[in-house]
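Structure first, commentary second.
For reference, chains read A, B, C, D and E in written order, and residue numbers begin at 1 within each chain.
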Amino acid sequence: MNALIISAIMGVLMMFSGILLKRKSTIRGLALAGLLVTIILNVMEIYGVHLFRINVTGMMSFDRFSLFFNTIAMACTFVFFLLSAKEMEKVGVNYSDYFALIFFILSGIILSSSFSSLLILFLGIEIISIPLYILTGSDKRNLKSNEASLKYFLLGSFSTGLMLMGITLIYGNSGSFAIDAITNPETKPGVLLVAGLLLLMFSMAFKASAAPFHFWTPDVYDGAPTVFTSFMATIVKAAVFIAFIRLFYHAFGEIHNTWKFIIAIITALTLFIGNITAVFQQSVKRMLAYSSIAQAGFMLMAVLAINSIGSEGILLYTTAYCLSTIGLFAILVKMKDYTFEGFNGFAKHQPLLAGVAVIFLLSLAGIPLTAGFLAKFYMINAVINSGGFLWLVILAVLMAAISVYYYFRVIQAMYFKEGEAQVIEVSTSFKWVISLVAALVILLGVFPQLLFSWFYF
Amino acid sequence: MGVTPILFWILSVMALFSALMVITSKNPMHSVIWLIIVFFAISGHYLLLNAQFLAIVNIIVYAGAIMVLFLYVLMLMDLKKETEPQKNRWLKLAGAVAGGSLLLVLIAALKKADIANQIAETRTGDIGLIENLGKVLFNDYVVPFEISSILFLSAMVGAVVIGKKE
Amino acid sequence: MQVNYYIYLSVALFCIGIVGVLTRRNAIIIFMCIELMLNAVNLLLVAFSKMHHFKNAAIDASAGSDGQLFVFFIMVVAAAEVSVGLAIIVMMYRNIHSVDINFLNRLKH
Amino acid sequence: MIALLLILIPLLSGVVTFFLKKENSAKSWALFTSIVTLSVSLLGLTVLNKTEMLQFKCDWLPGLGSSFSIRLDGMGQLLCLLTAISFPLIFITTWHRSYKNAHNFFALMLLSQAGLMGVFLAMDALLFYFFWELALIPVYFLASIWGAERRIAATFKFFIYTFVGSLLMLVGLIYLQSLTPDRSFDIKAFYSIVLDGKTQNWIFWLMFVAFAIKIPVFPFHSWQPDTYEQSPTAVTMVLSGIMVKMGLFAVIRWLLPVLPSASFAYGEKMISMWAIVGMIYASLLAWRQDDMKRLIAYSSIAHLGLMVVAIFSESEIGMQGVMIQMFNHGINILGLWVIVEILERKYGTRKLSELGGLAQKAPAMAILFVVVALANIALPLTNAFVGEFMMFTGIFTSPISEYEMITVPAAGLTIIIGAIYTLRMVQKVIYGNTNALTATGTDIGLNEKLVLGIIVILILVVGVYPQPILDLTKDTTNFIINKANILPLLKK
Amino acid sequence: MKNALELSYLVPLFPLIGFLIIGLGRKYLSKPLTGIIGCGVILASFLVSIWIFFDVKEGNSGVVDYFNFISAGSLKVPFSFQIDALSSLFLLIITGVGFLIHVYSVSYMHHESKEHFARYFSYLNLFVFSMLLLVMGGNFVILFIGWEGVGLCSYLLIGYWFKNTEYNYAARKAFVMNRIGDLAFLIAIFMIIAKVGSVNFADVFSAEALQKLSPSVTIITLLLFVGATGKSAQIPLYTWLPDAMAGPTPVSALIHAATMVTAGIYMIARSNLLYSLSDVTSNIVAYIGLATALLAATIALKQNDIKRVLAYSTVSQLGYMFLALGVGAYTAAVFHVMTHAFFKALLFLGSGSVIHAMSGEQDIRNMGGLSKKLKITFFTFTVGCIAIAGIPPFSGFFSKDAILLSAFEKNPILYGIALFTALLTAFYMFRLLFVTFTGKFRGTHEQEHHVHESPSLMTVPLIILAILSIIGGFVGIPEVFAAGGDKITEFLSPVIAKSAGHEVSHSTEYMLMGLSTGLVILTIVFAWFRFKNYQPKEEKGFGKVLENKWYVDELYDKVIANPLNKFAGFLNNFFERFIIDGIVNGVGRAVNYGSRQIRLLQSGQVGSYVLLMVLSILLLLVYQFFIKK
């Protein structure tokens, strides 16, 4: 609750900061400070410090899982700010508004990680989506940005329609929006419930960019300004997954036999399409868009597993995935040429950046000693421990092997090929931060309990 | 057959017919008009279900504000009906067939719902009255209500960001 | 009225909306069709709300009002969405002087 | 303690090497630490009975049922010794070769050594997997950065190929873990699982594919000749001398004892047959190669095929043969690669058709080369004879085999073809008359003499008196065979 | 004084030390020193061997264990030597003849450079070492070690002049052919291990073990025999031996005539208890031996290379020995090994002397009339020819007679063919003698001018061997001549059980001896008339077939080597590239192709995205509600 309110207030503050503050660095500083405060207050809430006592009438519950995830999401946002906030200046003139929108999105993220009513889920998802439509289109004179924005908007609203139909049907069956009152374990799930559940699943799959509802993802991620792609491909997607898991764990966990297979199909399709399509991409940015679909396939395995390993794993997965992808995007933003060829000879000119990029790529590919490996490991472990679906696991690892193909193309370009990779000036502080992020990725890959011991205290 | 069913059927036919007209009209302006008629028909349904508050809000917000906005934008763009080139016929057909099949599947599935024969009370029940809804809204739903303000704020910021000339 | 009539009606409207989205090229019309879908949902929600009220009024006098409130929130969201959506469409129109979604083809493959 | 040191020394010194910018200091440092590692490994041999010196265990991922548990058993001792011996030899051999960004090269080499050590020491399945990959990745970079012209495609194929395998293995390991009573990755837990045949079959194939790719067993071998050809020779040495042993090792430690009935069901009947087909196939191919690296690669496939057959014969003698042969093959092939490295550096070619007459120009090299080549064809009194003899005996007298009169002669054909291609290689390289390229040849230098000398001495010593090694691995073998042998169960 | 058995390790140790010293010090040792060390170590071995021989004669035989070579599980292979009558006899032959050949070599190889000279002697010493291991080995594995070791040395020495590609091929051929036999030998060893659990001769030939082995004794003995055909150049693996003449002549004398090639005989004689269990194998051994003897003899008729004639003659004589083994006359076979070692070494060294005199010329068509200039060589060569032809009282007569007699007992037809072969032998040997040493000189003037008798280091061994060829047969005088004259049978009886005595009557025996001697002398006379004034001419018809060795090499090439090579080429160029690697790369390409196709789904059109989404929803709903049970 602390974080929700503070981030909303921060959003408002940032809205006005554009008028009051002239220097962009001050705005950035304010945002960073505000976010830091939010994080601290959120952590304090974990330790029982509640700034606000509000009766939420059972519509939200800030349990350890959600608070913990919120911390991760905000910490990743913090990293994102540190690495890329400066780049947002280049997008357009409304510098402070971008921060405001991001803070609003953070509120939405907090909502969708702590809802216990479908209404809050709906609101949370919408609060995430609407600012995103705008951020996507924020580079107003760039036709690609425009196009992406409109596509995202049209398809997003369409999926909102699906979601609402789903919620309605569920409501028709159970007469309540509270997620723990939706299913009745004693009776067989009614047709309305199943239909609603599926429609809800499809719309969540859409938000999580799972195949076959992923079509918006490459276009939007490609068209959006790269800084915002970085944000929405990581933190936002992570939040959607947390919402997804929360919903299916709490609301539909008891009737998992009805939907598990469908999820398995979606997971399989996502893994397949995401990985296979990424292979042929020529632009690293677009490749990362497909890779985010592919990673979503892995994260869906936590939804499929609905067990504690899966929930634990999704936290690690989102952390690993967010850190790596944000780091990679932060480097990508600095590049003049987003194609693979643009990276040729990068290692020679920027050995440090190339080195950390390798770590991020290895993490995304799931190579041991990086957080990405343990994340994938958790997912596989979760599915295997939930019983069945070995075929899916095997498909997943085969696809992971394919993912190596396109991630390593970047490594090959950087290290093994000759070329003149063009890079914008990078500051020393940027190098420090990104090295720390890379170190964190490795640290989490070797000692993931650093994350979990905190989770379990 | 009482008045209620008759009204129900009239309103339903009206809504469906207007909805079909929305998607088939060549002229976007006509589509808007037809859509407004759909909203009126739906408001009629709300009244029939004794949800007066929503009926009014629907008229004001949807048929009023939103549709006017649409009209305004359309007029701003001055879209003639010729300007909308028709989609590939096969794609259209595919779209229609897909939507139709979805309808069939959903109805075939939901037909078996165990609540199918329950009654949605019409013309009675006072939960749809402003007073009652207001009580619930400001007692139980005050948090979401406040949260929706975040939504509005962000939409506002967004509209400004997008709309403002640089 | 039996609730299944409302179900059929709403589903029909919903699907008409979908067909509209599928068959039209004008972004505004498509957006209108999405609004149509939302309205179908609203109608169904109200119907369910009244159904639950009818069933549970004895236990809880305000039973079913949450459905109607949900409709209220949907309208709120729809209004916000429309404002943003139309802004985006207008921005698009400013750049390419068209609202034809078939022209949205710079990003593909 | 010793076990931990074996991993830590190369790991830490590898990390340190990244920061040594001068080529010579990186080189010397790498050589120095690898010799330290060797000494530690030798020290390990002297304290065979002090188990507390040879093992180390601490918590690592308690939530996942995994711990950092390493132990030096007989088989581990042997393979760690092989690893420890190989690296100094590799460094000495390539002493005069100059690498671009040498510090990175040596750092990655040391890291791969740490990975290899870890694989041989790990007593925890997850840890094992970690090291398995840790060994692979530096090698991938080494080969891709410092390799030959077509390195990128070739090593990439290698990497993806092996990565697919190891991921499947990971699935298998996790599956096994989910079946252990206490959800643990500990090897003891794995050994205590009792599974029905059907489950075993599933997991068996998942894991075996990984090992088969690594070994490689026909028809999963196609990455190998390309990779060997394209990698810098120092890396090829690591790859073929030690890394392929990982596959065999893993089969022995993680497959046979854990999934005995599936191993029994497929190993002897199916895999052995394949391996034998592969042996003959690879031998025939080796016969037709012109590039020495490819020739040796195919020859290695043939030799490893025999080891696979011997492993699945599940006989004690055969298994002992495999153990000693893992060591021997590592030493022998290292010797061959040293020769290749020398030839390539001196004459710029590895093509048999372009070499010749070096016996006149480089008699010392020729002699050492011949000894190594003879070891490659398992001539008696060389180390390989002991291994191959025992393996063949094991296969022939295997308690589970029914077709020994077919398998052994078929596998034995490779003895003949092996002689053909190895002698062909010897002949083309050192015999005949010199040509324009080799006419100016000179004999090998002191460091190369030293390396080849050590290798030849190892070849002969083990060939004449292999008993110490056999004694070293006896307990491991007994244990594995007892775990793997399900004949008593079947009889019941 | 210690027991000789305990010092038996010295016998192979000396040559090993010699090998190491010469091999490692090849750059530093002068040629004379190399020669002295090389010969000295063999002499030392020879002396120890003599001592051992007499010790054994005293009845002092046994097995000496040194250390565990391999001990794993139930398999225990000790490194042990078995010293008994058979091995001590072979020790004498090997070290004795070996010593003479070493001495001969010092002079024969004197024109080689220092290092190559040393290389030669180190190989030679290594060979002796391996050969000693072979005959001393107390079990099959040690025997096998020596067995392959001698193969290796043979390889190294055939290819001694490594610049010559032809020679290298010959060396490789020898090694590979031997390996084919070795494989069979190995399998036999495995079978013995499987049945008996031990490889020690003492265990394998015990009554209990023989009982266990008897069900599969035929296959085991056959496999052992295949091994022997490789080493001892019998059909079908004989073709390497004539080619092996590429090596220096003393090598041919030592390895390819006197010692190594008789390893097969030794091995079968060693396993005589096994062979007597299987009639089938014995018959096969006899027939193969006889066929080889005949075939090689016919080829030898038309060969013009002096060493090749001798090589085929060796093959033929080895066939004889196998005939003896096959008919159960193990002693006769061993006896023939001994006499053959004497006279064949003599002949080879003699030919070496001729070649030496002719400055490397080996074609007898370019010789002739050498008897005048090479008196000692001519004389000793003649002795060798008489011995091999089997004219009493030369050594060949006794051993050959023993074989013929045994063959006669077994089957007169065998005897007939064997006798015919003996006649052929006499014919081609004397053809060789006459063509080389009589008539007119047919070489170039330069050669003629150069021809000279070899130095004494070469002639003395010739003379010693000639004496041995003359008197060597007296250790096996048939019982008909002198009771108790057959000392060799007596001596070998602990290893090879004495047969009950010949069944044929003395008169028959006399008649047979007379017949063979008479016919041989007639043949020699015939050869004299035919070849005393030999002029070379083109061979035609059958002669050409013989000159081309029945085209067996070509046949092998066509039927085995070429198809195999082509098959390997097919595998390399097609199967590996397009099937194995093709599938792997194909997977990659399929992924790439799939990527290009699937990416088309991403058409960029919102309409198609929605359509695809709706269709997916439709399918999933249909699955959930109407298909899923």
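Following the convention adopted for this analysis, a contact is a pair of C-beta atoms (placed from the backbone, for glycine too) under 8 Å apart; a residue touches a chain by one contact, two chains touch by 3 or more.
Keep in mind that this is a model prediction, so the values were computed, not measured.
Contacts with subunit B and subunit C are shared by A, E. Summed over C-beta pairs in contact, the chain pair with the top total is B-C.
The chain occupying the central position, as judged from C-alpha centroids, is D.
For subunit B, the chain whose average C-alpha position is most distant is E.
Taking the mean of C-alpha positions as each chain's centre, the chain lying farthest from the centre of subunit A is E. Subunit B has its Cα centroid 32 Å from the Cα centroid of subunit A. Inter-chain centre distance (subunit C to subunit D, centres taken as mean C-alpha positions): 65 Å. Between the Cα centres of subunit C and subunit E there is a gap of 96 Å. One finds 102 Å separating the Cα centroids of subunit B and subunit E. Of all residues in subunit B, those touching 2 or more other chains are 87, 91, 94-95, 98-99, 102, 106, 109-110, 113, 115, 140-141, 144, 148, 151, 154-155, 158, 162, listed in ascending order.
Residues of subunit A found to touch two or more other chains are 119, 123, 126, 130, 133-134, 137, 140-141, 151, 154, 158, 169, 172, 191, 195, 218-219, 405.
Looking at subunit E, residues 588, 599, 602, 604, 606-607, 610-611, 614, 617, 621, 625 sit in touch with two or more other chains. Contact annotation for chain pairs lists A-B, A-C, A-D, A-E, B-C, B-E, C-E, D-E, with touch applied as defined.
Here subunit A touches subunit B in the complex through residues 8, 11-12, 15, 54-57, 59-60, 92-94, 97-98, 100-101, 104-105, 107-108, 111, 117, 119-120, 123, 126-127, 130-131, 133-134, 137-138, 140-141, 169, 172-173, 190-192, 195, going by the rule given at the top. Those residues of subunit A whose C-beta lies close enough to touch subunit D in the complex are 312, 362, 367-369, 373, 377, 380-381, 384-385, 390, 393-394, 397-398, 400-401, 404-405, 408, 412, 415-417, 448-449, 452. Listing the residues of subunit B that touch subunit A in their complex gives 106, 109-110, 112-115, 139-141, 143-144, 147-148, 150-151, 153-155, 157-158, 160-162, 164, 166. Against subunit B, the residues of subunit C that register as touching in their complex are 1-9, 11-13, 15-26, 28-29, 31-33, 35-36, 39, 42-43, 46-51, 53-55, 57, 62-66, 68-69, 71-73, 75-84, 86-91, 93, 98-100, 102.
For subunit C in complex with subunit E, the residues that touch the partner chain are 18, 21-22, 25, 30, 101-102, 104-109.
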